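The first chain written gets the first letter, and so on, giving A, B, C, D, E and F; residue counts start at 1 in each chain.
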Amino acid sequence: MTFQRPGGRAPDQLRPVRITRGFTIHAEGSVLIEFGNTRVLCTASVEEKVPPHKRGSGEGWVTAEYGMLPRATHTRGDREAARGKQSGRTQEIQRLIGRSLRAVFDLKKLGERTITLDCDVLQADGGTRTAAITGAFVAAQDAVGKLLAAGTLAESPVLGPVAAISVGIVEGTPLLDLEYVEDVACDTDMNIVMTGAGHYVEVQGTAEGVAFTRAEMDELLRLAEKGISELVGLQRQALGV
Amino acid sequence: MTFQRPGGRAPDQLRPVRITRGFTIHAEGSVLIEFGNTRVLCTASVEEKVPPHKRGSGEGWVTAEYGMLPRATHTRGDREAARGKQSGRTQEIQRLIGRSLRAVFDLKKLGERTITLDCDVLQADGGTRTAAITGAFVAAQDAVGKLLAAGTLAESPVLGPVAAISVGIVEGTPLLDLEYVEDVACDTDMNIVMTGAGHYVEVQGTAEGVAFTRAEMDELLRLAEKGISELVGLQRQALGV
Amino acid sequence: MTFQRPGGRAPDQLRPVRITRGFTIHAEGSVLIEFGNTRVLCTASVEEKVPPHKRGSGEGWVTAEYGMLPRATHTRGDREAARGKQSGRTQEIQRLIGRSLRAVFDLKKLGERTITLDCDVLQADGGTRTAAITGAFVAAQDAVGKLLAAGTLAESPVLGPVAAISVGIVEGTPLLDLEYVEDVACDTDMNIVMTGAGHYVEVQGTAEGVAFTRAEMDELLRLAEKGISELVGLQRQALGV
Amino acid sequence: MTFQRPGGRAPDQLRPVRITRGFTIHAEGSVLIEFGNTRVLCTASVEEKVPPHKRGSGEGWVTAEYGMLPRATHTRGDREAARGKQSGRTQEIQRLIGRSLRAVFDLKKLGERTITLDCDVLQADGGTRTAAITGAFVAAQDAVGKLLAAGTLAESPVLGPVAAISVGIVEGTPLLDLEYVEDVACDTDMNIVMTGAGHYVEVQGTAEGVAFTRAEMDELLRLAEKGISELVGLQRQALGV
Amino acid sequence: MTFQRPGGRAPDQLRPVRITRGFTIHAEGSVLIEFGNTRVLCTASVEEKVPPHKRGSGEGWVTAEYGMLPRATHTRGDREAARGKQSGRTQEIQRLIGRSLRAVFDLKKLGERTITLDCDVLQADGGTRTAAITGAFVAAQDAVGKLLAAGTLAESPVLGPVAAISVGIVEGTPLLDLEYVEDVACDTDMNIVMTGAGHYVEVQGTAEGVAFTRAEMDELLRLAEKGISELVGLQRQALGV
Amino acid sequence: MTFQRPGGRAPDQLRPVRITRGFTIHAEGSVLIEFGNTRVLCTASVEEKVPPHKRGSGEGWVTAEYGMLPRATHTRGDREAARGKQSGRTQEIQRLIGRSLRAVFDLKKLGERTITLDCDVLQADGGTRTAAITGAFVAAQDAVGKLLAAGTLAESPVLGPVAAISVGIVEGTPLLDLEYVEDVACDTDMNIVMTGAGHYVEVQGTAEGVAFTRAEMDELLRLAEKGISELVGLQRQALGV
């Protein structure tokens, strides 16, 4: 028997996704992305400098930082700034976002400048890292648009879209885009990052309970491909391209 | 000659203030407060425990934490969680918010529980600490409302409203509610926290340039009193009381 | 044309693997595992206490810490203890090792005690995290053996073996068990953790250069399955079971 | 009825103030200042460099650090160096001292050098921050005197004296210069920093208990003005000017 | 030819030593000790608790912390509290002071309480750690005196005096009690801690330049014995015993 | 009556010492040194840069870092990298190793480069710091040999061998080279570092229980001299010189 999702959602159905550009005024790109009740503010900041390992290389850098407001979740979590360090989970997520975005950037064409994607979770309900990647791409695209409009860049360094989605197995049912109650109940949790061309950038699957079989993995990959194809469509629609 | 404010604002005029309750879903109180372009998310979280210095006292505690998203400002600032410590400015502000809220709480009536006000600046344009105090009061009131509705509290521990505003002197003109461009240009910067009854909770004045006279201070106090009276009205309106 | 591996190794061939039990004398389990020139010391320490989130639960805990000696690599790296914090990479790896080992432990049967796996890289030549997981399982098994022999445990909490291997694509050729020079040259890098039964515990694939296709992923998964099957055999041989 | 002060002190009376120049031998300025039992060692150190935000500006910098010996107080406090960070209170105080001293310095005339005021409390009995500011001015003046005598500076960058005092309301009585037992009992606590010309540099008032009225504030400002006028006289006397 | 000491001091002559008891008012013992221009404030604080490794043992603990005011030296040093950690040198010295004091304490007789010796250098001119040990003994003795007077202790836990002195070889001449200019010039630097009975508690000798011979060590030990005998006399005189 | 040592070792007898060069492949010098069950991996890393205080001086630098794997000991210790700081003991030991090695280096002849000795304890059974110094010298010599062979250095900067040993008094019997069970039982513990010429580089003696007499110190120094003479012979044998 199949697991019944909250709100009667189909197993291969995304939550309602909303992408709001220009959510704040200062950043070169500023996007509020919502996957159902998950809300992440993604800003893209352009700085005319690069980290030490890129200095003098003629190449730019794209990096990300991730944070969660203390009461974005059901119970209040510690403020990482007050505790004095970022958790292993936070560091893992921001490294993932950074790698995902770099996968669709030609750093040579970007030139010696840095785009920093700040992804701050205002409200969490599962899937914050995948929402962050999907929203960060739109913010990055907006920042690049400003650089092109200003003539700072002659040609876009963006190779194509990138988006991410979670998939998992709950009570034997493979599901697309897990929300919080599904996430805590799932046996297997997988985050997939793919390009608009349908190629893999990252695959991170973890058996939380029992190990999963090859057949289950194949089904999860199929769901993810469907979801990411829809997300890329929504990114394009939001960007009007 | 008088300093001309951006947008033709009068010297004793507040920026448009908006108070949105229920901005996020998990916290017991969640308020987005806007003073013009300054936007601060204030959440109130209730926890059934108190810090060590209150254990066994029968009294509760009210405290605050403050943060600013890295790109809330014109140029991106360091993420304090990544840098591994909160700046002196951050600590000073969150101590101020905590003291201001405690001034209108009867900790005995609150019982042995803690209300934590998280004030996170989504967008900054001057006056973030005063917006934070003014919004945090509304969030705290909502959290108390939930405790009363649930029967956890029989009587409200809130003694009355508290609100805050900045005043300052720019090019010789005393102004109410400084926005960013005024803040950087001002000679004197003062933050005032007052109760609904018109009494002082905090007065923090700093001469950024030349020291200020007693006559100037009197004029600044007059402006602040007017502004806070209006803010308290807006808090009441938002709370429907 | 196929990429030529150092030492004429076949694309689907593991490096010589050596597992030395009892490498040091104090730990309940102490294993030196070598994947070619990669050498990791894995010790298992049993402590009769559990972390806070398990206290009173009747369940135990299995966790891991990972470190690399400063000169385990070609050029000396910072000592993390001297720098005052563990890198994001270190934390990511030790979280992976911990999750992988917990996947084959029945924490209920372990009882309220903790097994800590310390994985310290004495010499690095690629694949340190996969060697660490593979060696840590043997050390954990030895620690469990001591608890059974002492009568502390009546029944083994180990559900079965777990092992890990890296796979990747270098110049278009899918390869098993990347060594350092292959790792820096690869377009796609994937770490796979599997049980003795051939089920997945973790799949972590990253496109370092171009995104990879579904066909490439299928070939990588095939190589990993072959490698892990061999590693599980070597674990069994080392343990004499 | 009026509150009876320890030792029969009048409400508007300072504690005995002693200013000892040349208390230690190495610093360019070294002053032990005593407000009754409160004893603060203030040293002024001149360094021929400026912090990054002043480099190349032609301007100098004046800054302060504050500390309290662990047993300066009734019960031993943590050593901040051992705990690994300065408290919010410490940072707030040292920022206040720095701003207060900068208010009477022409940084252009100082040239690209830094004067650091170290204010270390040897013994605490209330009013350590106001004693620190008052003593730091004398130490800074001595350091400037050395720079003038050596011909490093042709003209003094000091615009005039600055001093500070606390005032507060205890059991309804406004008092000047609170000592420890008064400080813990007070409803309102205010620290005032003023120039020799009687203008305000900082006003920091906090209602510890009930909020205070405008009339109370006016009385506190009057007391502070009297106290600071006396302190400036004592500074002049100590400096022999 | 023999090295000429500043001020014409003989090679086996101590600097003028002054021991001022009751230097501050709050601590159970408070001693300012001066070895020439070296001035260290040593306070002894009694707390009715012990660190974890002594809980329930019936034994007490004696420990020390050491600090140097930023401008105790010729050029300003970093404030360790601001830098966020104590240097290796600081930790080494405070461990030495703690061990030295424990050597003359019967922890059983002290009972489950802690004496903390805070040694803060107000002015440095060589020999700060030896002055600290010598002064800390007097402060500890005063604290014990208070415990005896109050009847908290029936019998003194102090076994006898302990004192410390530095010796060294400068330009071939063995010297007692090095001051700063001698310390920076010396080839060998040795700190000796001895009991009143003339037995060794600590011997720490370091060849800064060329290694030293057994004959040189014998001469240094002879000088130290003479110096410590005089210091113990001065401690007794200060304590009036 | 004399204390009976484990394994019937004579009071003036070293444990079996083994020195294995080339233990790992990447470092310029890599030595596993064993004093009985104590095993320390000492690597020497050459870097073509110097710390700030040596820049432009024409001189090089020799420094050391020390660490202990968490389960090198009977019970697991905290990982210092995870705890976020090195203990006082660790810092004290690595400063000692660094000073000891610098005592036999002509930094002028080394030129502006740094040799870092990493001493990591794989297994501890007393005497880890003395084994570390003795092994680090061999690793440093190997690194210098590589620099000479490559023509980077024309002349060796090594002045001669350096080695270290512990001595102590257990139940009244002076012993050479304490192993763990002797170390915890000893009244006096002394670490001696000497050159091949029989001169002292460091003498660090501590009375753990009762203070020790001059006669006892003389006997300990005699034992240390014998032990170090043997260790220097073993270093020469290992180096084939």
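Everything that follows uses one rule, which is that contacts are C-beta pairs under 8 Å (C-beta built on N, C-alpha and C of every residue); 3 or more make two chains touch, one makes a residue touch a chain.
Chain identities (UniProt): A, B, C, D, E, F = Ribonuclease PH.
None of these values were measured; they are calculated from a predicted model.
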item	value
Target chain D, source chain B, minimum contact steps	1
Any chain that touches chain F and chain D	E
Rotation angle (°) superposing Cα atoms of chain A on chain B, nearest 5	180
Farthest chain (mean CA position) relative to chain B	F
Separation of chain D from chain E, taking each centre as the mean of its C-alpha atoms, in whole Å	33
Chain centre separation in whole Å, for chain F relative to chain A (CA means)	51
Approximate Å spacing (C-alpha centroids) for the pair chain C, chain D	59
Multi-partner residues of chain B (each touching 2 or more other chains)	84-85
Chain order, ring traversed from chain C with chain F following	C, F, E, D, B, A
Chain E partner contacts - residues on chain D that touch it in the complex	24-27, 30, 37, 39, 41, 43, 45, 47, 65, 67, 69-74, 76, 79-82, 84-86, 90, 116, 118, 120, 122-124
Parts of chain F lying in touch with chain E, wherever the complex brings them together	85, 88-89, 91-92, 94-95, 99, 103, 190, 194-195, 197, 199-207, 210-214, 217, 221
